[in-house]
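Take a look at the structure below.
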Amino acid sequence: MLRSGLARSGIAVVGVVGVAVLIFFITRLLPGDPARVAAGQYATDAQVEQLRRQYGLDQPVLVQFGRYMVDFFRLDLGTSIRTGQPVTDELLTRLPATVELGLLALLIAVVLGVGLGVLAAVHRHRVVDKIIQLLVVFASAAAVFWIALLAIYLFVNEWGVFTSPIGRLPRGYAPPDPVTGFYVVDALLAGDLETAGAALRTLLFPAMLLGLHASPSIVKIVRSSTIRALESDYARTSRSFGYPPGSILFHDGLRNALLPVITNIGLVAGFVLAGGNVLIEQLYAWPGIGQYAYDSLQENDLFALRGYVILIGVTYILLNIVLELAYRRADPRVAVAEGR
Amino acid sequence: MTPIDNALRGNVAGRMRPGDSFAYAAFGVLAVLIAMGVVVPLLYGDGDVAMKTQGLLPPSWEHPFGTDRYGRDIFLRSMAAVRIDVTLGFAVALSVLVFGSIVGALSATFGRTVDMVIMRITDVFLAFPAVVLALIITASLGKSAWFAAIAVAIAYTPPMVRLSRSKALEIRSADYVAAGRLSGASTVGLAFRHVLPNAVKYPFVQSTLVASWAILDFAALSFLGVGVQPPTPEWGSMIAEGVGDILLGSWWPSFFPGSMILLSAASFQIIGDWLDRRLR
Amino acid sequence: MTLLSVEGLSIRTADGHTLVRDFALDVNPGEIVGIVGESGSGKTMTALSLLGLLPAGVSVACGDASLSGRPFLRDGRVCERPNATMIFQNPTAALNPTMKIEAQLIRLLTFLGKRRGTGRRGRRARAEALLESVGIHEPRAVLRRYPHQLSGGMNQRVMVAMAVAAEPSLLIADEPTTGLDVTVQAQILELIRSTVASRGIGVLFVSHDMGVIAQTCRRVAVMYHGELREFADVDDVFHAPRDAYTEELLASTLEQPSER
């Protein structure tokens, strides 16, 4: 157990270093010129040259790489060209907003994905299943920014269900005292139910879209693993005893079907945190790291964008290690196979 | 017996034949889209007749998709965009298929060291959602449609490498290859007759899905402003141009390009699922 | 009085293939009746159909069956649950991999308790007693295990314990010893025989192995390509087969006596 733990953290370290190296390679060795990009289209050569010196881009690549890696291990992701602030600090201040949105979106995606997946499996090869599969195709073939835009148009402008998306709270509310950084939790801690409600309503809208966007892969995996479990030998044994369908669905179907979901959640979480997030946060003026990435992109701030991408990659690797441990706990077969 | 009981038993009565009709519909939609993308711009131009018509006209007989804020016909622009977006889907799928399969096959063939190095590299790539990877690559190379297309292709290559490698390994160890060796068939002949077709099957299915994802991610990059630059008609950037209008009540400049993305991406996915069932 | 009687049973797939045609058989109380045939002969489908366990895409087309005089299959339709249980080939897969043996037994006993109105008390002790009754010497240790931590033979014992717990009048055993070691195989067969002797239930014993059938059954039904070729005493079938196929099957078995 200890040895496999060490091996696992070894893989994690290699992965994290790999992420840093890959991103350096992309941002520095591809034939782009970060100084030229940062200076903008209309900068003079002298301005570009000045930026190049300022950020050490005139040094040999190896020296730059060495500095970059040393900084990386000191958790220093460089300085934003746009704001002049350390990228690490800026990302960390914005992280709670993204995580709050991401967690609720993940919850929605899992509930939706497991619900629809099980429904499709129970009615497999019949009309309900076909409808769910078609929904899955359309949910995964629709551009998330397009759906979000239409949703804002319908829910805010036409029907007035949600207030217009201008950040984490509607106009007229003050943010609660920061404890966890999650507005809903912080407002509850402060005993301010009204703010908590307003924050939750504001949060719900983008979280629903992000959750919907992330759910198709969960539906697919839950459907196929539930079908496999329901058609398994052990489900047949249960039927031979005449167990009620609910018991078979729960004990034989779900229990065994949800295991693969745990590993899949890693992918979905990475997706929720990053994939659709840049687009959703920008459209909803959500002050998280996705919006930071968008702003950096618009202002040609490659260093800030690079910091964002590194954060995403590292988070994803660490998340997967945690999930693998969780899987080990959940599936007795894996635990035994390795726990000698 | 209750209905759910029947469902759990997988009773025969309520079963439907696996729907090929969806797949035919998808082929039809894609064919019509491509045909329109080729023919419509030839006959009516790409809608870039700014200022001739009034801006933000709602959909009508004359302008089926309405006009945008500059008075350009959204239907004509959407059709002109087929040439970029659907072509891009095919091009990315093809290059990912070819390049990914080659690297995957090399990885499976050339010993442990090469294999391990390639696998570790793909591991690192897989730590990023494809669209994020494509974003940083495009941002580093510079904002242009070509760079965005290349970035999307790079982002989807590593999963393809893994897939074709695992299929190649599976097939290399398969019985009939061994049997062929015993019966004295040449290695090259074997590779072409058995290994290649089987190793290409799954990557091929995967590549139709890549086409779908590529269309979506490319449109996302253009929406973010790093892909196709206005005024070139492209679905993602057309949606971006319509953002201001939709919030003021004109839904059509963004709605129609987005539904084109939906139709084409969904078609590729349905075709992919269908191929997956057929080739198995 | 006959315990189980099956008449005119036919099984078809959704796309029109007939898997079993016009099958008939009867089992007396306290008797072990075999069904023998090579793989694909329809013997397992026949066994599964009696408990409504046919896989998706396969169904009973017509046939009648009754247990202890109560019809449970009328013209191909299940009209009530027969008081029968089943043990399967590959016992390890037949048990839920995510539940400990104890949880699976408790689940069964709770279900049975509810049906009989005997309540939930003493389930744990009953589970232990059940395992002891099928010859498991350390029931507590087994209860704490997951199926994949036990041997195939042990899991089959657990399956027999569960099947017996339901107090059925008929036990259907579908290739219960296939894939087990020869010594374990003998133990399981002995367990089935002693269960029959002590409880007076009937057993329908499905196997591809003439040797096993000969050791276990009084009468045997020989199936070939979905058809019943012969249904007679094992001795008669062995010594004076009336059917050409039976003869072939016997010859092949005698060449390699119950190796599997």
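Points to keep in mind about this one:
A, B and C label the chains in the order they appear, each numbered from 1.
Here is the rule we go by: contacts are C-beta pairs under 8 Å (C-beta built on N, C-alpha and C of every residue); 3 or more make two chains touch, one makes a residue touch a chain.
Note that this is a predicted model, so its numbers are computed, not measured.
Ranked by C-beta contact pairs, the top pair of chains is A-B.
Using mean Cα coordinates as chain centres, the one most removed from chain B is C. Distance between chain A and chain C, defined via averaged C-alpha coordinates, is recorded as 51 Å. Note on chain placement: the centre of chain A and the centre of chain B lie 22 Å apart, centres being C-alpha means. Listed for chain C are residues 52-53, 55-56, each touching two or more other chains. Counting partner chains per residue, chain A shows two or more touched chains at residues 125, 231, 239. Shown for chain B are the residues that touch two or more other chains, namely 9-10, 15. Those residues of chain A that touch chain C in the complex are listed here as 125, 231-234, 236-244, 247, 251-252, 255-256, 259, 331-333, 336.
Contact residues of chain C toward chain A in the complex are 51-53, 55-56, 81, 85-86, 88, 90, 93-99, 107-108, 111, 146, 148-149, 159, 162, 166. Against chain B, in their complex, chain A makes its touches with residues 14-15, 18-19, 21-23, 26-27, 30-32, 34, 37, 122-127, 130, 134, 137-138, 140-147, 149-150, 152-153, 157, 230-231, 235, 239, 245-246, 248-249, 270-271, 274-275, 278-279, 282-283, 293-294, 297-298, 300, 302, 305-306, 309, 312-314, 316-317. Those residues of chain B whose C-beta lies close enough to touch chain A in the complex are 2, 4-5, 7-10, 14-16, 18-19, 22, 120-121, 123-125, 127-133, 135-137, 139-142, 212, 216, 219-220, 223-226, 236, 239, 242-243, 246-247, 249, 251, 254-255, 257-258, 261-262, 265-266, 268-270, 273.
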